[in-house]
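Sharing a structure here in structure tokens format.
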Amino acid sequence: MIVYLLTFILFVMGLYCLVAKKNVVKKVIGIVIMDYAVNLLLILVGYRRGGVAPILLKGMDRAKFTTQSVDPLPQALVLTSIVIGLGVLALMVALCIRLYEKYKTFDMSEIRRLRG
Amino acid sequence: MQGMTIIVKTVVRIVTSFIVLYGIYIVLYGHLTPGGGFPGGVIVAAAYILIMLAYGKEVALRSFGDKSASLLDNLGAFGFLAIALLGLTGGYFFLNFINHGQPFRLVSAGTLPLSNIAIGVKVSACLYAVFIALAIFGRAVYRAMEEPGKEER
Amino acid sequence: MTKKMTIFLVTLVTWLLLTWSLDPEEVIAGVTVALLISVLFSNLFLSQGKKTNFAPRRLGWFLLYLPVFFYYVIKANFDVAYRVLHPEMPINPGIVKVKTTLKTQTGKTFLANSITLTPGTLTVDIVGDWLYVHWINISTLDPEEQTKLIVTRFERFLRRIYE
Amino acid sequence: MHSLLPLFIAIPLGAAFLGLIIAKLWRGVGGLFAFLSTLSLMVFSFLLLGSSPSIYKMGGWIPPVGINLVSDGLSTLMLVVINTVAFLAIVFSIKYMELYTAKPKYYALFMLMMAGMNGVALTGDMFNLFVFLEIASIASYALVAFGCEHEELEASFKYLILGGVASTLVLLGIAILYSTTGTLNMADIAQSLSTHGANKASLFALALLVMGFGVKGALVPFHAWLPDAHPSAPAPISAMLSGVLIKVLGIYALTRVIFHVFGFTPTLGAILMGLGGLSMVVGALLAIGQDDLKRLLAYSTISQVGYIILGLGLGTPLGIIGGLFHLLNHATFKSLLFMSSGAIEYSTGTRRLSQMGGLNKRLPVTTAGSTVGFLSVSGIPPFNGFFSKLIIIVACVAAHQYIYAGIAAFVGLFTLLYFLRVQRNLLFGDLPESLQGIKEVPFLMCFSLVVLAVLCLGLSFLYPLMSKTLLASARDALLNTSAYIKLVLGG
């Protein structure tokens, strides 16, 4: 139970970083922290104490394998989620660079042309 | 002299081909061992990024330019889609239509190795292209940092 | 062409070690990958090799170099441990500038890495023929003596291996 | 019919990647590929109409194990909306995008967004839903920033931050759902939840999903990104974002999750109605003071989305019909309005209302189109907006929700008020000096506007027909959860 709580604390830390920091790069870091907290939770969902890695090798007993191995599905999901997170991260960093190019600042409180 | 010191350059020169070899190994054995298209592609992209870091932009772009990177990127993605579409010949999208073969052999598991190769090409080219894009845009930021307040808001 | 052959053989051997199998499918895959890499990276890998890079004489010297190198490393380990454990900490750190006679880039790199791997000394930079080395205990202020202590002991072997 | 389903994802993806490859040799190919693929997709989506609900097993795997595509009434409705609007937007953008550079990339991103939206509308798997949601979202972030000017970048960054948080929340909800039910298939989750009952963890997951999809659908407490993002994009993209994207990623995903995965309850309905009523009022109030035409339209979108959510939240058959009909209507008239605002911008070079006037003399087709849109969105009788609003209000009264009925009528009046102001500034009065030389927009742009305007009028006459076929099958799909489970899991 405590590990789940810790992932939620990590998630909330990312959210805090996102909300409280004015620097756009720090906001990006906040989103990445949140993303990884969720990935961690997904991995923990499939964890089994004392389980074996879900890789079938030559000469393994199949019945014993299915009862002992950890759940491989969340691992596949996390891999997909990491890839998506990577795409979002690349886009965010590119946008940060472009924002700096235009506004000459990373401070979100000064990047305010749109209002109303 | 562009790039980093001799030490870094020499080590990169020796190590790069082995890094690429290992990346390709991970891609090709993705259906037998942990790994697959994405991790292997990242390793291959890392080798090229290493070349760019050690030798500077020009050398890396001469051997593998941004145009060819984006071309390979699209080709990889299209290849993956094509493999999925070829499954329609067997009646289903994404159907594993090739004979599965013997387990634990390199040529087995039907379309999975082919998909892995397509993803590997896509990921390596894409990550490298992202790195090039950020490195070239980054130049603009450095220029902007050097002359602050030129363009008043 | 020689370069391509060399890199092809090296990568093929690495591939076989990696897969640890002589199954025909895997060997064919290895040959293909090695060909691909030798085409892609032959300009980069072994850029200065005019002579054959893996002549047996050089390999022999390399094998001879290894125990010598390890001997120096172990000796330096004890030396540093002694300096750390000694209550008075008899250290005299500083950066010295030493000259190397090695000409090839690979030789210089290996020299720098050998110096760095030896505890107590650390290569900071290479500019031309000059190495800037951080040394935990500068025992002498004479540049030639310094060069002899730090560089020459490795240089003798490295020159035979790489030049 | 079910063999068509994967093509809805494969064709746009293929057009995106192949277009980028071939565009290196021949630059104009992106537009051609996009045109052909959206045309074929529109035809396919009409072919799906009237066919019975079907399921497509990807790779031949049986549902709880493999990923499946499901087309029931609701999916079909969404597919028709997505692909029709997308086709018209592509026709519009062939000329409009000459204002921008890098056209092949534009079409590739557009096609990726299409693939994502079609995937969201079709998939029957929670994680797959997330993946397609992210494909569509990432493409839309990039498209919002397509102009690469100050405003576009800022809007895209805000959108990206809020959208990123929303995606994280959705993923967290899916992770918790998976941990409680042990499966990702929607029907399987629904079955597991209905047999074991919803525990606290799954309720938490539901809250996370509502928040996540609420951000994507710009319901009011989560709406902050929309008025920046939608006006900043190129006009066809604004039409796609406002007309389709927020409906698919927000409303459709929300209704699918609430009606088919968790099961509709009166409490959930009350939450939805509260969100809808708040969106209606706040959107209309914020829209009234806007000087920027597209920004005003964006606020109006928030308000109109509120109507849809209100109708769906009622949970009665009539309310759902009204909500879905308004969804269809909003897709037509809001796309029409955004495209005509794009056409006005194309001709005049500005979107400030205070700098315009007397355009009806110079731009007859564009102004006629925008007038039809305005009349429709404000609910003037012969146009489709009137009927859907009327149905929603009647449904509210029938369900004894008199307060919401009052709010809906009041907001409709308010909408008329601010669009009358726009109309006065835009069409009548004197033509400013700076705009004397403007010309009517090219034929392809006019074509989209005219088709959408005709649709606005035609949908109201088609309503008796549609209420028996398209909308009725969507309503039945929503209300009959057990049929959905049976369809996917095979009884």
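Going in written order, the chains are labelled A, B, C and D, and every chain counts its residues from 1.
We take it that a contact is a pair of C-beta atoms (placed from the backbone, for glycine too) under 8 Å apart; a residue touches a chain by one contact, two chains touch by 3 or more.
In this text, all values refer to a predicted model and were calculated from it rather than measured experimentally.
Enquirer: With one step meaning two chains touch, work out the least steps from chain A to chain C.
Expert: Graph distance in the chain contact network comes out at 2.
Enquirer: Can you name the chain whose C-alpha mean lies closest to the mean of all the C-alpha atoms?
Expert: Per-chain C-alpha centroids ranked by distance to the global centroid put A first.
Enquirer: Among the chains here, which has the CA centroid at the largest distance from chain D's centroid?
Expert: With centres defined by C-alpha atoms, farthest from chain D sits C.
Enquirer: Per the definition at the top, count C-beta pairs in contact and tell me whether B-C or B-D has more.
Expert: More contacting C-beta pairs are found at B-C.
Enquirer: Centroid of chain A to centroid of chain D, CA atoms only: how many Å?
Expert: Result: the chain centres lie 28 Å from each other.
Enquirer: Mind checking the centre-to-centre distance between chain C and chain D? Centres are C-alpha means, answer in whole Å.
Expert: So the centroids are 63 Å from each other.
Enquirer: Could you tell me the distance, in whole angstrom, between the mean C-alpha positions of chain B and chain D?
Expert: Taking the mean C-alpha position of each chain, the two centres sit 35 Å apart.
Enquirer: Please output the residue numbers of chain C that touch at least 2 other chains, ranges allowed.
Expert: none
Enquirer: Counting only residues that touch at least 2 other chains, which ones in chain A make the list?
Expert: 98, 103
Enquirer: Answer with line, ring, star, complete or other to describe the graph linking chains that touch.
Expert: If you draw each chain as a dot and join those that touch, the picture is no line, ring, star or complete graph.
Enquirer: Report the complete set of touching chain pairs.
Expert: According to the stated criterion, the contacting chain pairs are A-B, A-D, B-C, B-D.
Enquirer: Sort out for me which residues of chain C touch chain B in the complex.
Expert: It is residues 7, 10-11, 14-15, 18-19, 23, 25-26, 29, 33-34, 36-37, 40-41, 43-47, 105-106, 108-109, 112-113, 123, 125-126 of chain C that touch chain B.
Enquirer: Per the contact definition, I'd like the list of chain A residues that touch chain B in the complex.
Expert: So the residues of chain A in touch with chain B come to 53, 55, 57-58, 79, 83, 90, 93-94, 97-98, 100-101, 103-104.
Enquirer: Quick one: in the complex, what on chain B touches chain A?
Expert: My answer: residues 33-34, 38, 104, 130, 133-134, 137-138, 140-141, 144, 148-151, 153.
Enquirer: Can you check the complex and tell me which residues of chain B touch chain C?
Expert: Touching chain C from chain B are residues 5-7, 9-11, 13-14, 16-18, 20-22, 24-25, 28-29, 51, 63, 105-107.
Enquirer: Give the list of chain D residues in touch with chain B in this complex.
Expert: Chain D reaches chain B through residues 6, 10, 13-14, 17-18, 20-21, 24, 56-60.
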